[in-house]
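Chains here go by letter, A, B, C, D, E and F, matching the order in which they are written, and residues are numbered from 1 within each.
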Amino acid sequence: MGVLTMGVFPSLVGSGTLDFSFKLAEAAMAKGHTVNLWLSGNAVMMAKKGQRAFKDYSHLEKKMMELIGKGMETTVCEACAEARGYHKEDTPPGMKRASMDWYLAKTFKSDRVLHIGGE
Amino acid sequence: MGALKLCFVVQRPPYKSENARLALTHSISSQTAEIHLDDGDTIVPTLIFVGDGVLNAVKNQQAMKHYGVTSTENHIKNGLLIDMPVWICKEDMQRLGLTEAQVITDAEEMGAELKMKFASFDEIQKEMEACPHLLFF
Amino acid sequence: MKLAVFLSDLRRTEDTYERLKAEKLGVILVENGIYHAVMKEGGKDSPVLNKAGASFYVLSEDLETRGFTSAQVNPKVKVVNYGDIVDLIMNDYEKTAWL
Amino acid sequence: MGVLTMGVFPSLVGSGTLDFSFKLAEAAMAKGHTVNLWLSGNAVMMAKKGQRAFKDYSHLEKKMMELIGKGMETTVCEACAEARGYHKEDTPPGMKRASMDWYLAKTFKSDRVLHIGGE
Amino acid sequence: MGALKLCFVVQRPPYKSENARLALTHSISSQTAEIHLDDGDTIVPTLIFVGDGVLNAVKNQQAMKHYGVTSTENHIKNGLLIDMPVWICKEDMQRLGLTEAQVITDAEEMGAELKMKFASFDEIQKEMEACPHLLFF
Amino acid sequence: MKLAVFLSDLRRTEDTYERLKAEKLGVILVENGIYHAVMKEGGKDSPVLNKAGASFYVLSEDLETRGFTSAQVNPKVKVVNYGDIVDLIMNDYEKTAWL
């Protein structure tokens, strides 16, 4: 069993990339792998509690909490969050806040890194 | 004790999104990654501009004057200042009609010793092969 | 119609621009659209500048932000500022299309 | 003097489109035009108070408040804001919240509409 | 008393972003715009799919099953249900290899009377000329 | 290197894909990248499928979300699910590149 670290950057409400990364994380954990997740850039939208669920938008808070509960280490880029007005008290329970070096350090002991960049 | 090489590859022009900016800030943060690592372990980044990403390295960007934000030029120079290798694909510069005079070659005015490396895509390919993990922006 | 088209990207993901027709057409290059005014990829003008009968404009603030100056702008393209764009929208054209 | 209604949709922290629309609004108002601004999709990020100013990101709250003070009617898409966890109490003073029909109705009495869509 | 025609033009495929979804929700909201207007004034939308935007009209989208979100198919059918004209460029369908059997032609199962209009780009161009304001998504 | 490349767009804005080389190359089509597996624009396969020596995969969930089925997938491309992609990443390839 291996360690997979994912960095998710461009995702947003209405894009499929966060959905993709959560589903992939779930599938990897189901196979016994360890998953670390770094949310940076616009993907820090996951760091805001209280997002209202509409059928028009994928609503991922529940899925994320479930994966964190199963051991997915999930950390959000602190500066990226602050720039968007997401403060410590907005962060869902179990999610960590850290600076970017956390992500780089995690890659050190990872078997695989899936860095989802782009725009 | 070991060093992990990471390739940060920027493929897109600046300012449309945070994309290039995040590549720069993340690669520069390798400097402090050791606080999370075992003694002696380090992250060794190479920052590479390919394709339209070479437009990030154009000199004299006036982003602060017009929009009050730091330019990617400034970030690249900060990278050189901390001795991070910064590579730019010379075939792509040529294709886009950019001369060496138009792009950042060094950050001497800030006291940086390291210079920009003008690399062929073949050299970049070899560097990507030497990195266990690739981070494309 | 008198149409002002805004292009804000270097690599476009639509082809509406090539197909749109207007009696009077203005093409305003902003944000990363400015590269069409200054770059000669493979030694050639950007295909964006081939639109027949159009007038081309580029925003000086966005040029300079990206490290280019008016001196590098293709002679087909007129350099304008934000105030000029307001006049183009309000006086010279009737409709806008941000593609 | 005319009325210009702008709808801004895809803009985000780190993109230049919101900067563009605020600068254009400012230039239009300086020439005596009336400007209405509709913020929808990801551009509702302007509806979050308390965004921390970093030199790496354009920080537009001040400019927006200045333009609202000068009479720019600024309305944010309520559903788009709620989906992102931006509630009424997050909205900066002077900014309105409304449903999408507000924007369409504003186009009725506008001389020009600049709809900034895209991704 | 008057009617203002607005063209909503979708140029990009679904799901990458909210783009197409916002075109659909905004155009459908024309139904309630009159609460903000003088008596008798109305907004009359035409929703047009061109270029890669025609991919929004592909049938049998399973977005709800896999990702728990409404599909653009569903939104388009809602548009037909409120009698909003929905046009799709037939040259673009052909270019992308989409047959009429693959795309939404009506929303009869929901009780809609209006059908999708398969239009040439020339017809679309004329509709854009007839609309005082154009909203490209 | 053994490289798994992810493509998630129909209209790509990079050309890294065309230039990257790998001893073993897997191309995984996800999100709007799935259109490369099912569309024949102008009657032709997507140029993405011309990459010599590569193995191609497409994510079934993303196909179906967009209204396509396995039956419509180009025979060059293998249909996979999320679990299969995990195995590709963890077992079959050493590095990933999301372009």
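Convention: contacts are C-beta pairs under 8 Å (C-beta built on N, C-alpha and C of every residue); 3 or more make two chains touch, one makes a residue touch a chain.
Given the structure is predicted, the values throughout are model-derived calculations rather than measurements.
Within the contact network of the assembly, the step distance from chain A to chain E comes to 1. Placing every chain at the mean of its C-alpha atoms, the farthest one from chain D is found to be F.
Note on chain placement: the centre of chain B and the centre of chain D lie 34 Å apart, centres being C-alpha means. Rounded to a whole number, the gap between the C-alpha centres of chain B and chain E is 43 angstrom. Per-chain Cα centroids separate chain D from chain F by 38 Å. Chain centres here are Cα averages; for chain B and chain F they lie 28 Å apart. With touch defined as above, residues shared between interfaces to two or more other chains in chain C number as follows: 8-11, 13, 31, 61-62, 65, 94-96, 98-99. Annotation for chain D: residues touching 2 or more other chains are 12-14, 16, 41-42, 56-57, 79, 112-113, 115, 117-119. Across the assembly, chain B contributes residues 12, 15-19, 25, 52, 67, 133-134, 136 that each touch 2 or more other chains. If each chain is drawn as a node and touching chains are joined, the picture fits none of the line, ring, star or complete shapes.
This structure has the following touching chain pairs: A-B, A-D, A-E, A-F, B-C, B-D, B-F, C-D, C-E, C-F, D-E, E-F.
Taken together, the chain D residues at the contact with chain A in this complex read 12-14, 41-42, 45, 48-52, 54, 56-57, 79-80, 82-85, 87, 90. Against chain B, in their complex, chain C makes its touches with residues 8-11, 31-32, 35, 39-43, 61-62, 64-69. Residues of chain E that touch chain A in their complex: 15-19, 21, 25, 67-70. Here chain E touches chain F in the complex through residues 13-16, 52, 55, 58-63, 65-67, 71, 73, 95-97, 102, going by the rule given at the top.
Those residues of chain D lying in contact with chain B across their complex are 12-16, 19, 55-59.
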